[in-house]
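The structures considered in this document are given below.
In the two complexes below, subunit A is the common chain; its partner is subunit B in one and subunit C in the other.
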Partner chain A sequence: MQQGKNNYKKKYDLAIIGGGPAGMAAAVRAHELGIINVLLIERDKYLGGILPQCIHAGFGLKIFNRELTGPEYSSIFEEKIVQSGIDTMLDTMALNIKSENGLKIVTAANSSFGYFDIEAKSVILALGCRERTRGQINIPGSRPSGVYTAGVIQRMVNIEGYLPGKKVVVLGSGDIGLIMARRMHLEGCAVKGVFEINPFSTGLLRNIAQCLDDFNIPLYLSHTVTGIIGKKRIEAVKVSKVDEKLKPVKGSDRIIECDTLLLSVGLIPENELSLTCGILLDNKTLGPVVDENCQTSVKGIFSCGNSLFVNDIVDNVTQAGQAAAEGCLAYLNEKPYEEPSIEVQAGEGILYAVPQKISGFKDVTFSIRVSRPMKNAYIAFGDFFKKKFKFLTPGEMVFIKIKKDIINGLAGGKTRVIKIYTGSK
Partner chain B sequence: MKHLKTDVAVIGAGITGCAIARQLSRYVLNILVIEKEPDAGCGTTRANSGLVHPGYAGDEGTLRLTMCHNGSLLFRKIAPELDIPMIYSGSLLHAEKRQDIAYLEELKKKGTKYGVKGLRVLRGYEEIKKIEPSISKNVVASLYCAEHIITSPYEAALALFENAAENSAKFLFGQKVFSIKYEKSSKAFFIETEDYKGVKSILIEASYVINAAGVFADEIAAMAGDDSFKIQSIKGQYFLLDSNTGPHVKLPNLRLPDPDNIRSKGMVVTPTSGGNLLVGSNYELTDKNDSSTTYDELEEIRKKLSRLIENIPFEKIITAFAGSRAYADTGDFILGPIPHNERFINAAGIQSPGLTCAFLIAEMMADYLKDAGLPLKNNSGFKPQREAIKKINKENLLENNSLYRTDNKYGEIICRCEKVSEAEIVEAIKRGAATIDGIKFRTRAGMGRCQGGYCMLRVLKILSRELGVPVEEITKSGGNSFVALKKMN
Partner chain C sequence: MKDKNKIKIRCITCPVGCSMEVITDKLNGTVLDVKGNECAKGIKFAKEEISNPVRILTTTVKIDSVKLCRLAVRSLEPVPKDIVKDIISELRKMKICPPVKAGQVIGQNLSGSKSKIIASATISQ
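Up next, the complex of A and B:
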């Protein structure tokens, strides 16, 4: 077992990039499946990805039936990795991947070995995501310190042990925004409010209750930050109401004093590394286009977790990592690989559905995100499958399993496109 | 109160002040540069189009026109000594209306007169598209200029700062000049400064003063009794797009100024020396301290430039910023001693093309000092060369092992977007970076698409470790721009 950076082999059957929950689950599952020669590469000094900084409870209800904290959840998998003796390189950044004659060359760097190549028969990308920034959502104003994304503040507070400020405005009411609003309140900050541009919160209802209501933190729907004020350090923000088109309403703005603006305005799958070897990305998920085995457009390279699409809960990420390992086994076994020739399209009311391509010869669980909240609606697959829902919201991913005989039986297996769409009764 | 004494005090460490300090460090002199910000190049020098203009634009009879071409020649000569990035890109200036073609011809004539070579007026979409494939069909004619150069203005200022300091010029950062008194008997200026909290602690005695204070140069001149000019701040806003978007255009694409503010150079869509795409800027009168961006103005920029260039990838915006043109009411650079005291010399009103002319202005300042009686004895130890921080080779990664063998911190990647190693960050600190922005502008760590989301806290800790100061005392850009407020218990 090589924990840390003591040594590495030149050749592996499987290299997993990213040691968050997705990568750890993939590594453990690969080991269980008998893929022995596995390397796990993580750029941070520890495994766990985002989990070690999520010290709140709320992880594992689906898989472990209990509410664990991020570090607790992570340690379950870290231990398994240690036990199974999977080669792990920490503090190591994968920088490039080349696919040559079916082999993958991963170039990585660390301070123990410098820059080096690793040859792998297959690769699983479990790179996580990055946060949308102020610049990407074009908040005008000055450029002082004190404007940070939620993840930066979470790491600053929970890992490094520093408080960014005392008077906080939160922009974005997804779960991360809600949880961080509570966290800042518990650290003694005055949380002036959570502002949300949509007329609804994408966070879980229980999080609105437990993170805001319990502490009298106001939630302002249909509001956004339209200006940042302050020379060196942020002194205030300008907030405005927005209309149905999400455009600021002139004259509705007011100034709120603060020394910290916490941005929780969306996550973007991280795929810089995927792009180095020309993996095709989906412009909706911003992650790779994959088949039911999680295989990307480059054969032998698989993707899972938040770098494939942004997940709501970690349990799903763990399962996605496991699925990627299983897909990888199918590839390594060199049995005839079922080519994904059926295209899956997102239609009315669907933001995206993954996988985007399937073979039709396997049961498939689709991960589906709707584009707006809906009541008493259904999700349909072409004209052959329909499932009803009391409530659908972009904040909660829907999983729908379709049996292979349903797909395969369609038009004698001649179906080449499946459209997924929503409708009301 | 601390008392410092110097031969020459330079006020302002923008490109102008730094070029002057470097020029003066060729001589045996005590030089002290006083700057209110924590680093060199934090003012207008940080926020402009970054072009070395060839010298075809500007009103006849102005220094801005007559100095520009020679300024650019000197820039080209000196920049390589200092490892300042330069891309010989050439440029296109576009006209959307037929009646503007005559104006392009006029500029060509003007430029040729001042020595600009290779100016050509291109007519018709097909002709222009050969040079700029992303051109829009709205463009009817363009002035092609082979002599436009893309540089990095803040890297230029930092290079000059480093080289001047290496040649023993002194820099006093974080100190704002608030009063200047001249003592006739001793022929000395007494300059008082204060820190960002307004604490007055330093008194500088200088035999000569050069005023290179950018938009504040009128206030500095007034402190010395020269109130002959006023400076207005004319803001320009920009979008900066991701570091892989630069190749969307081949070269700087300039837009003719709007008829209502012909004084501006107009807007531009250009690659930067770092590979980004820069899109800006407008022309609006503002308060001197205002460098904020605004929604409406950025929209205007987006609209106008989308008429010139097809499919600008605005979805890849990573940040927006603004810079202030120091527009003197004379409409021109103000160079030379103030009326009643030849020992106080202005380098004021340095609006565009101030970056282009910085080296030339610096030479002129040395001449003014000489005229005022300051003996300029050559500094035999003067080292003209300065090398940029060695960066990671992103194309051929394994080649970095030669760097790695000199320092294993080259193997530790700190900035994931721009691929900046710990070795580069430590080197930047050795060269004077003391803030998050100081690291960013020297190494590009934090300049990429995640805007420091990954590296900011890592950089913070390295700064704290290398400088030996607690994390909560490190700032983004001086003053009270602390990153973390306090350590939790």
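Up next, the complex of A and C:
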């Protein structure tokens, strides 16, 4: 975790907002590509985004072929940033972006300079994501303390060094919920169980094995928290079974005593800053609509990482940051830009597919998330490209590369639309 | 099948997470057959999991730094599953002073484990 520079220039070729794995990868790649005048802005005291608090091993298998911890993964990129001398501003929050005559004016604030403006030819947004809270999933009951999101507890325990409670109920069985269940158990808490509203867990099977089964922590599928009990501090939760429509089954509820409810009920891409300059968002990913160069609807502004869509593994986030830097280079070099006139549509069984718009002049790797688990299924592009899968699940993103000739074959007609959908054999 | 045991385990080596069936000899516990693994690493994992299950250990220790109060640490190699909690208890008693570099050894032979415990992060002051 390194100290940032406090001196800065007023003009940059590229301003990167967010110093997590996406922003760091974009900065390093931009430097490698010869974009010299780069500024990296991070609101926290250190680089790394959420990695420094993810102390478990499980990062980097794809890129480094080793199982690194979050801090280890992060430090590889932090070191590269220091070595390449990229201007870095920590403790600095970007507040607003304006696009004026092709230039971007980024308004930021920190304790050394107060409010100030930076002029950049291009911007990469690498803002990460936010956690869904109790309000967003509507749990009825009183409003005592002791209800936290997973990321908040992870920061308390792993960075700030204190435990929020002793008896924990976990709601949500994605990887973050599973990893935090193990962490709390190892810190000496009684983890009463992990409750999952769906009939399946979206977490990796290996995490169910090594986070829950290893410690006999029970997993209750098709269950949810239907009430919170307690005045000042949470004293118990009411849990109920749910039916196929995910509605609580009458008479199935029971009370579980606890002093902490850990919510791991989903992430939402962070895009408040993107909205300040009118970037168009996709109502499924909740991140910007982008083309194959990661460019948003505002020319010269690019998006990557968890602020584009929520990723499962950090290696993909790193690659996305690199791709954004490459897209940015083409923009800065004023290469003739091919309009992304082909629209990509998510059909049956597909939650979303990114990029949402493409030009047809390049091969494209699509990031696709299916909407439910499927066995022996295929993902199809229009009428004549199909890829088969033994198993598909919303917990694991699928990447499919499509050659430009196929793209043009698919979107050859007047419609200029490619529909992606699933089916079974 | 009288002299054989059938055990279900999950390979945790990679994100595929294969569900495997392991046939062992009832008398000496040796692995006779593994089914359901997608690759050879599954067999290695099954043998280890039956004879001596190991896990990578990660936790934090106290650090006396101006900026931070916890240092993330890990076991360099996986350690026996049943001593994970003992090692964590020993680490809980420790206090480290900066500077610390990622990879630096923090503890050795804790609870009889052969693996070193190393720092996961660099904290310079």
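Methods note: the second predicted complex is superposed on the first by the 414 of 425 C-alpha atoms of A that agree within 3 Å, B and C clash if a C-alpha of one lies under 4 Å from a C-alpha of the other, contacts with A are read in each partner's own complex, and residues count from 1 in each chain.
In the analysis below, a residue touches a chain if its C-beta (ideal position, glycine included) is under 8 Å from a C-beta of that chain, and two chains touch if they have at least 3 such contacts.
Since we're looking at a predicted model, the values are computed, not measured.
Colleague: Looking at subunit A, does subunit C or subunit B touch more of its residues?
Modeller: B
Colleague: Have a look at where A:Leu280 lands relative to subunit B and subunit C in the superposition and call it first, second, both or neither.
Modeller: In the superposition, A:Leu280 contacts neither subunit B nor subunit C.
Colleague: Output check: A:Asp91 vs subunit B and subunit C. Expected answer is one of first, second, both, neither. What do you get?
Modeller: first
Colleague: Between subunit B (first) and subunit C (second), which does A:Leu61 come into contact with in this model arrangement: first, second, both, or neither?
Modeller: Only subunit C is touched by A:Leu61; subunit B is not.
Colleague: After the superposition on A, what does A:Glu72 contact: first (subunit B), second (subunit C), both or neither?
Modeller: second
Colleague: Kindly classify A:Gln136 by the partners it touches after superposition: subunit B alone (first), subunit C alone (second), both, or neither?
Modeller: first
Colleague: Using the superposition on chain A described above, determine whether A:Gly161 touches subunit B (first), subunit C (second), both, or neither.
Modeller: Both partners, subunit B and subunit C.
Colleague: Classify the contacts of A:Glu396 with the two partner chains as first (subunit B alone), second (subunit C alone), both, or neither.
Modeller: Once the two structures are laid over each other on A, A:Glu396 reaches subunit C alone.
Colleague: Go through subunit A and flag every residue that touches subunit B in one model and subunit C in the other.
Modeller: Dual-contact residues (subunit A): 157, 160-161.
Colleague: In their shared complex, at which residues does subunit C touch subunit A?
Modeller: Against subunit A, subunit C makes touches at 10-15, 17, 19, 55-56, 58-60, 62, 67-70, 72, 74, 81, 84-85, 88, 102, 120-124.
Colleague: Given the complex with subunit C, which residues does subunit A contribute to the contact?
Modeller: 1-2, 45-46, 52, 55-57, 61, 67, 69-72, 74-75, 78, 157-161, 186, 204-206, 208-210, 213-214, 313, 396
Colleague: Can you list the residues on subunit A that touch subunit B in the complex?
Modeller: So the residues of subunit A in touch with subunit B come to 43, 91, 93, 95-96, 107, 109-117, 130-131, 133-136, 138, 140-146, 148-149, 151-152, 155-157, 160-166, 187, 226-228, 231-233, 248, 259, 272.
Colleague: State the interface residues of subunit B toward subunit A in the complex, per the touch definition above.
Modeller: 196, 240, 289-295, 298, 317-321, 397-401, 404-405, 408-413, 416-417, 419, 422, 436, 449-454, 456-457, 461, 471-472, 475-488
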